[in-house]
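In what follows, chain A forms one complex with chain B and a second complex with chain C.
The block that comes next holds the complex of A and B.
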C-alpha cells in the first residue's frame, strides 16, 4: 500500500475529483461517479447482476452490497456516489455476509437446471453462486414457476430462471429506443415479458441475450447445439454494414456455431445488430455450393478446380477474341473483402476492361468524377454521439446501419435534434425534431428548400446557385431544419442508402454537400457494407486503387442496361442485388459467358442463374477467408479465417489470384494476402466527404403528378448471406412484400388493404397485395426489392396500379 | 390537448367524457411528462368500463399518453386497484395484512367465502360481488376492515358483514 503514491498530494487538486479509499487503497474518482465505477476502473471486483456499465442504474439486485465506513448498513456499490474521504470495504466480513445473504435470496426461486441451460459455463449467476453461495440450501418450500413466452424467432426464453434484474427492460427503453419488454405483476408474481403474446422486434434485440446474467434469455438459433466451453472463439469483422462491428465467431470442429460481439468502444461498444449476430445461420445451410461446377452443353457437372479454372479461362479468352475485352464486366457485392475487390478490378483492368463496379443499387453516376476517394462518415463513429443536430437524407439509419442508429439515439438523449428528409416516415426509435416525408422527387425540392433557407441567412458559397434553387421559397419545415443545422453545432448531414439509390442521386448529393457547406455541418456518406473498401480497392469504373484516376469503364447500371458478352460476378445474385432485377436477368441471359463466384448454390435461389451462368466457383464467406473491411470512418480492419472453407470452397483472393495467373497476367503471383493488401497504398489519402464540383442542374425537372415507386431493400434482404438466414427471415422486419401506400392513396385508387393489384412500371409488372402504411406519403407506392416477388420491377419512376383477381 | 382523435386509433375507445377527465390530470404535469397521469387515466377508463380494464383500453391509454404499451401493462398489473378481468358490480377488498390478521381477518374472509360461495379473487355467478384480498389499507385502527367499492367498513364481525352486504344490490 505504501508503495502507491499518495495521489491526493502528487496530483494537482482538481475540483472535479475526490479521493476515496477502497480496502485501504486510495483511489481518485470523479465526483458523482458510483463506487462500482471506481472499483471497476481499479480492477477491484464487486459482484453484480443488475448493474451494467452501458445501462442506467436500477440497483434492484443488491448483489453489489459493500461496507462503507460510517454507513449504518451495507450499501449498493452501483448506486452509492463517491464522497471525498469515503472508506469502502468490498471484502470485509460485513460486506461478504451481505453478499452471501443476497445470493441466498436470489437462489430461492432459481431452478437448478444448469446442466440443461445454455447459459451454463458462461453464467454470472452460476459463477457468483460458486463464490458467494452456500453449499446447502436452507429453502425447503416450493419454488415459483413462470411460463415461458414466445417473443419471436431470435430469443429463447426460460423465464423461471429470471432474477428480475431488469437489464433487458432497460436495454429496450434506453438503447433500442423501444420498450418491448417490461416487468409486470408484483412481488412474487413479477414477470419479465411482453405481457401480451407478441414478438420483440428491435433490430438490436439479440443484445439482451448477452446482458441477461442468467439463462432466462438465450439465443434461439444456437439453443441446445453446443456448450460454451466446447467453442473456439475467433476474432472477426462484420460484413453487413458500414460500421465494421467487431465480433467473435465461435466454432466447433470448423462449423460456426454462433457469433458474439467483441468489445470495441470506438465502433460497436459491446453491442451487435441482430443482422450481424444471426446471419451466420446461413453459412451452415444446405444451400452452400461445395464444389466448382461448369455447364457444358446445357448440363451442369461438378468438376475439380483445375477443370473449372480451365473452362473459365477458355470462356473469357473466347469472349475477348470475338468481342474484345471491353465486352467483359465485373459486378461485386459490396460485402466482399478489400483484397477480393482489389484483385477483381486488377484482373479486369489487366485484361483491358475497366467495367468493374460494386454500386449495384445505384442508377445516377453523373458526379462520379467529383466524388471523394471513398464514402466517409465525415467524423468518427464516437463523435456522432456529440452532434447537436443531424439531418438524415434518404436514410432509414436504424435498419440500414443499426449501430449508427444507436449512436444517434444517444446523441438525441444528450440534446441533439435529429431531422430527416426521407421518402418514408421511418420510425427511428428516436424523436425527430423536424421531418420532410416526400416522394423521391419532392425530397430534392425539400433539400433545395433547406439550402435556399440557409443561403438566405447570408452564408456565401462558391457556387452560383441555379434559379430553381435560389428562388425557392422555403416551407416552414425547410426553414426549421435550416435554422437547427445552422445554430446547433456540431452538425452533421448524413446521406443514406436511399439517397444512393435515388433516381437523381447526384443532385441529392450535390444539395447535401451544399447544405453542409452553408450550415457548417459535416457531410457523411453511409455506404453499403464494405463500400469504402471497394472504392479504395479501385472497384469502380473510373478509379484505380487508392483513388488513382483510370480510363473510365462502364458502371454497374450501364453494364445491366446495355448488356455485355461476359460477366464476372463476385458474391452477387444479380436479380436480387441489382437495382433492376429483371433487366439484370435479361443481361445475364443474353451474355455469352457468365462466371459466378458464390458461397451458395444458385439452384436454391429464386434467380435464373442455373440457366444463365456457365461456371460456378464456390467462394468463401467472411468466416472462411482472410481479408480486410474498411468501415465508414476509413478504419481498416483485417481479419483471418475463423474456420476452414467448406468442401471445395476457396477464399476469393485465391480464386482471383489463380485466375489472373492462368490468364497469363503478370503480377498475380502473391504468396500471402498481406502482399495483396500492401499494393493498395491509401495511406496518403485524406478522407473527405465533400464534392469537388457540385452537379446542380440548371433546370430541375421533377415529375410530381404521377404515382411514383419508392424503392427500398429491407435489412434482411441486402445480401446473399442474410437472405438465407432463416431466423432473420422470420422476423417482423421481413414482412411479405406488398404495395404499401397511405389510406388516402388507396382510397383514391379505390383499393382496400389486402386487395390484389397489378403493379406496372415502365419495365415490368407484378401482382402484389396492397398494404395500408401510414408512413408512405401520398402519390407514392413503397415496393421493396430483394424479393423474388418484385424482381421484375424497375426501381424508379411512374407506377400504375389496377385491381387484379384474388389469387 | 383534447386533440381530434384519428379515426381508427385505439383512443376512440376512451369516451369523450373520460378523455376530459384524463385531461384534467395531464394538465397537472409538464407536457413531456404527461405519462405521470397514467394511474389516474387507468382508473378513469376502468370506471368507464364497469370496473375492469381490457388490453384494448390499456392500449388506448398508452396511445393517449404517448407511452409504450408495456409500460401501461406494468402499472395496471402491479396495483390491486386495477382489474384485468370482468368483475362484479361491487368489489370487496378484504384487508389481510398484519393488523387485520391479528384482529381476526381470517374469520371475515372465511365468512365472506362461505356466504358468497366463492373464493378470494372470484366473482359470484350473479355478477353481484367480486371478492379480493388486499394489503394494508391504512385503517389498522379499525381492524379488521374491508373496502367495498370506495367505502371503508371497520371493526367487522360476521353479522356486520351480513348487514353491509344486504344493502348492496
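The block that comes next holds the complex of A and C.
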C-alpha cells in the first residue's frame, strides 16, 4: 500500500474515513462511498449517464469508466467503493479510451438528429459526444427502431433515443413509490415502457423528464416550443402547496415557457411535483383577464384602471354608508402572497371590518382562539425523513403535498411505520403499517380510540378527558397505532387538508393534539398553499398580522352562510374554492357589490361571476408579481416577478395599496413591496402546533347511521390556476366527478358502476355517475368538489341517493 | 544634389506627367464600369443576398425549427416560434428575419442542418412601408420557390468545397 499523505495539518484521521488519490491529488472520503461521489465532491469531472446522486446505483451505462491502479480493467466510478490508498486516474489514456469506446457504442443506436430533438442544447449525451465522441461514425448498419409510447398528457416519448440508463425506472421504483416504467427485453431488444399500454400517473412523473439524460422523455406541453438556450431563468416559489418548492420559471420574450425545479436540499431536493411543474400552462391561456372591467347598469365594459378603481371605491363607500362597514367581507385564496394577504386584511380592518379569511374550505372554527400563530409542520421538512412513526389524520399527503409524501416514503424506506386515519383508503405509495378507514364521523372515534389507548398506557395529560373518550375501548388497530406511536421515536402526527375541512375539525384537532401529547409526538398541520403566510399576515378574522389578537370578525364559512352586502375576492372563484359552492353563489348573488381580483376572466369559468360580480380587476399570478410564501416549516421565501404582467394586469399588492389610498386610508403609501413585508414583524413568534386549549366536547354526537358525503378536492382542482392547466386536467388524477362508493354500498342502493344517481344533501342536489371505488368505506359516498358538476352540493352531512334515468 | 534634383523634377512637371500617364492608360484601357441596370456584375455562387426558405422537391418545407440559425445569427435578426405540427413533426409557426438588422454574414446558412435557410443571389429588394423590412415565413418560402432552380444549382456548384 502506498504511504498515506501527511494529514497532520488537516483533520485527524477518522476510523470512518479513508484517503484515496485521484489524478495524483489526495482526497479524504467516507468509507463505503463510491469513487464518483468523492470526485464529484472534489469537483473532478467524471462523465456519467446512469448515475444520479438521488437514485440508487445501477452501473449500467459504463460511461464513468476510470482507471484504478492495480485493477486489470477500467472500473465504473459510480459502482466502485473507495478503499484506503486507492489510486484513481480519471483522464489517463486507458480511462479516456474506455470512455470513448463506450460513447461509440452508445451512439450506434442513438439517432444523430439532435436538431429535431427537444433535448438538444441541454442533453448530456450531446455534450459528452462532443468531448468523447468521434467526428465520423464507423457504423453503417441499420439503427434500432423503437416505437413511441403514449404515456399520458405530460410526458412525450421518443424511445429510439433511450440509452437504457434506467434512471426513469429507478425513479419510479424508489422515489415515486410505484414502478410505472420498466425495462423489458434484453440486450439490443431492451425497451423502456409501461409494460401494458397505460399512462404514467404518478403525481411526481414530470421528474423523469429532468433525469432522463437524453431526449427519450420530454415535456409534452413544452414540446418543440423553445430551446434551452433562449430561455431566461428566474428563481421563484411554488404557490400550490405548503411545501414552498423552489423552482425556476423559464421565460422567453415575457412569456413563461416552462417551470423547472431549483435545487434546495432542505425543501424539494431536486424534485418538483407535476402540479408545480405544469400549472404554468394556464398562465398563457386565452382565459386571462387582460384589463379591468366594470358592470355598470347590467353591461360589462372594459375600462382603464383609474375608472375601475373609482367605481370600486364608490361601490365600497355606498355599502359602508348604507349598511355599515361590517357588511363588507373579504375572501382570499390561500395561494395569494403574504403581502397581498396582509394588505387585504389591513384594508378591511382600516375600513372597520374584521371579516377577512382565507380558510375557504373549513366549516368548524370553534377552536380559533386556541390555535397557534400559524399552521406548522412541527419540525423541518428534512426531519420528516427521520421520523420512525407517522400518523396521518385526514390526509392524502401524496396528492395534497406530493413532496412531503416523497419524504414520508423516504422515511418508510428507512424503517418508519406510517399509519393513517382517513375517510378514504388512499394509496400513499408507501406501505401503511396500520390504518383506520372510516367515515368522517368514525374518524373521530378512531382517533379517540388511539388517544384512550395511549392514556391507558399511563401517560398523564393536563386535560380531564370527557367520558366518551376515556371510556372508549380501543379496537385492535387503534391499540396498534397507539403502540407504534408511543414506542417508535421520533414520532409525528400530521393533520391534513381533509382534517381541516372535516365537519368537526376542531374536535379532530383537539384529539390529534392530545394524541401527540400522550405519545410524545410532534404535531404537524399541513395547510393549503400559503396558509402559514395567511395566518402570519393576519388574514383570519380573529388575529391581526403576526398573531396579534383582533376584534373577531366573521370567518369564511359564516360569510357565506349569512350573506354580506359586499365581498372583496382575492383570487377566489367562490363556487369552486369555497366549501359550499352553491351557497357561495347565492351569497354573491344577494350581495350589493362584489369586487373580484382574478388573473382569469370568469366568463370562461363555470362560475356565475359574470352575473354577480361588479368589478373585475386583473390580478397578477405568481409569475408576474413579487411576493413571499411561507411554507409549512415557517420558512419565508421571497421571490420576484419572472415576467412582466400580461396586458393591464397588476400585482395584487399594488392594487390593494392603491385601493387603500383611494379610500383615504392612512398607511397605504408604500413604494416598494419590502416596506409591506417589513410591517409584518413575526420574528418574536415561536412556531408551535399545539393548541392553547383543547375543545373536547363533553358529549360526542356523531351520526354514524346515515349515508354520509366525504368531501375532497382533487389535486388538480384546488386553485384557479391548476384548474385551467389543460395538461393536468387530462391526467388520470382528474377523473370525471362521480359518486364513488364501495360495491357493498352500491349493491344496497341497487345501482352498478356507471349508473346515474340523484344525490341529495341538505342543500342542493345533482345527478352523477356511480363509480365503484374500493377505497371508500361503507355508509359513505365520496363526491369531489371543485368541479362545476358538484358546485351546488353541501360539503357535509347526510346524503340520500336515488337511482336516476340515464342521461 | 538632392535639392537640385527635386528642383528640376518640379520645374519639368515630372509629377504631373506621371499622374497623367495613369489617366492616359485608363483612357485607353478596357472599360469595367457596369451599366446597371442594363448590365449586371457577375456573381459568385456564394453570393449572399436576400434570404429564402427552401422546400424539398415534394413540396414539404425543409426547416425543422431547430433554431440553430436563430442562435448563430450575430445580429439577432432571426425570430422563430415553433410547435409540434399535427403530424408530430417539429415546425416553425413564425420565422421572421429583420432585414435591417441582418448583416448578410451567411452564418444562418452555414448553420442550417437541412439547407433550409439560404441566401440567394437576389439583392434588389426595397421597402415602401414601415414594417416591411421584417420578412416573414410565407414570404421567405415564396422567395425560395421563385429561385429554387438557381439556389439548387449554386449549392451544387459549391458542394465540393464544403
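As a working rule, the second predicted complex is superposed on the first by the 797 of 807 C-alpha atoms of A that agree within 3 Å, B and C clash if a C-alpha of one lies under 4 Å from a C-alpha of the other, contacts with A are read in each partner's own complex, and residues count from 1 in each chain.
Here is the rule we go by: a contact is a pair of C-beta atoms (placed from the backbone, for glycine too) under 8 Å apart; a residue touches a chain by one contact, two chains touch by 3 or more.
Note that the structure is a prediction, hence the values are computed from the model and not measured.
Residue contacts after overlaying the shared chain place A:184 against chain B, while chain C stays out of touching range. Applying the stated contact rule after C-alpha superposition, one finds that A:442 touches neither chain B nor chain C.
Within the superposed three-chain model, A:577 lies out of touch with both chain B and chain C [touch as defined at top]. Of the two partner chains placed by superposition, only chain C is touched by A:224; chain B is not. Applying the stated contact rule after C-alpha superposition, one finds that A:116 touches chain C and leaves chain B untouched.
Residue contacts after overlaying the shared chain place A:367 against neither chain B nor chain C.
Within the complex formed with chain C, the chain A residues making contact are 114-116, 118, 120, 223-227, 229-230.
Interface of chain C with chain A (complex): residues 64-68, 70-71, 81-84, 89-91, 113-114. Per the touch definition, chain A reaches chain B in the complex via residues 173, 178-186, 194-196. Across the interface of their complex, chain A is touched by residues 55, 68, 70-71, 73-74, 77-78 of chain B.
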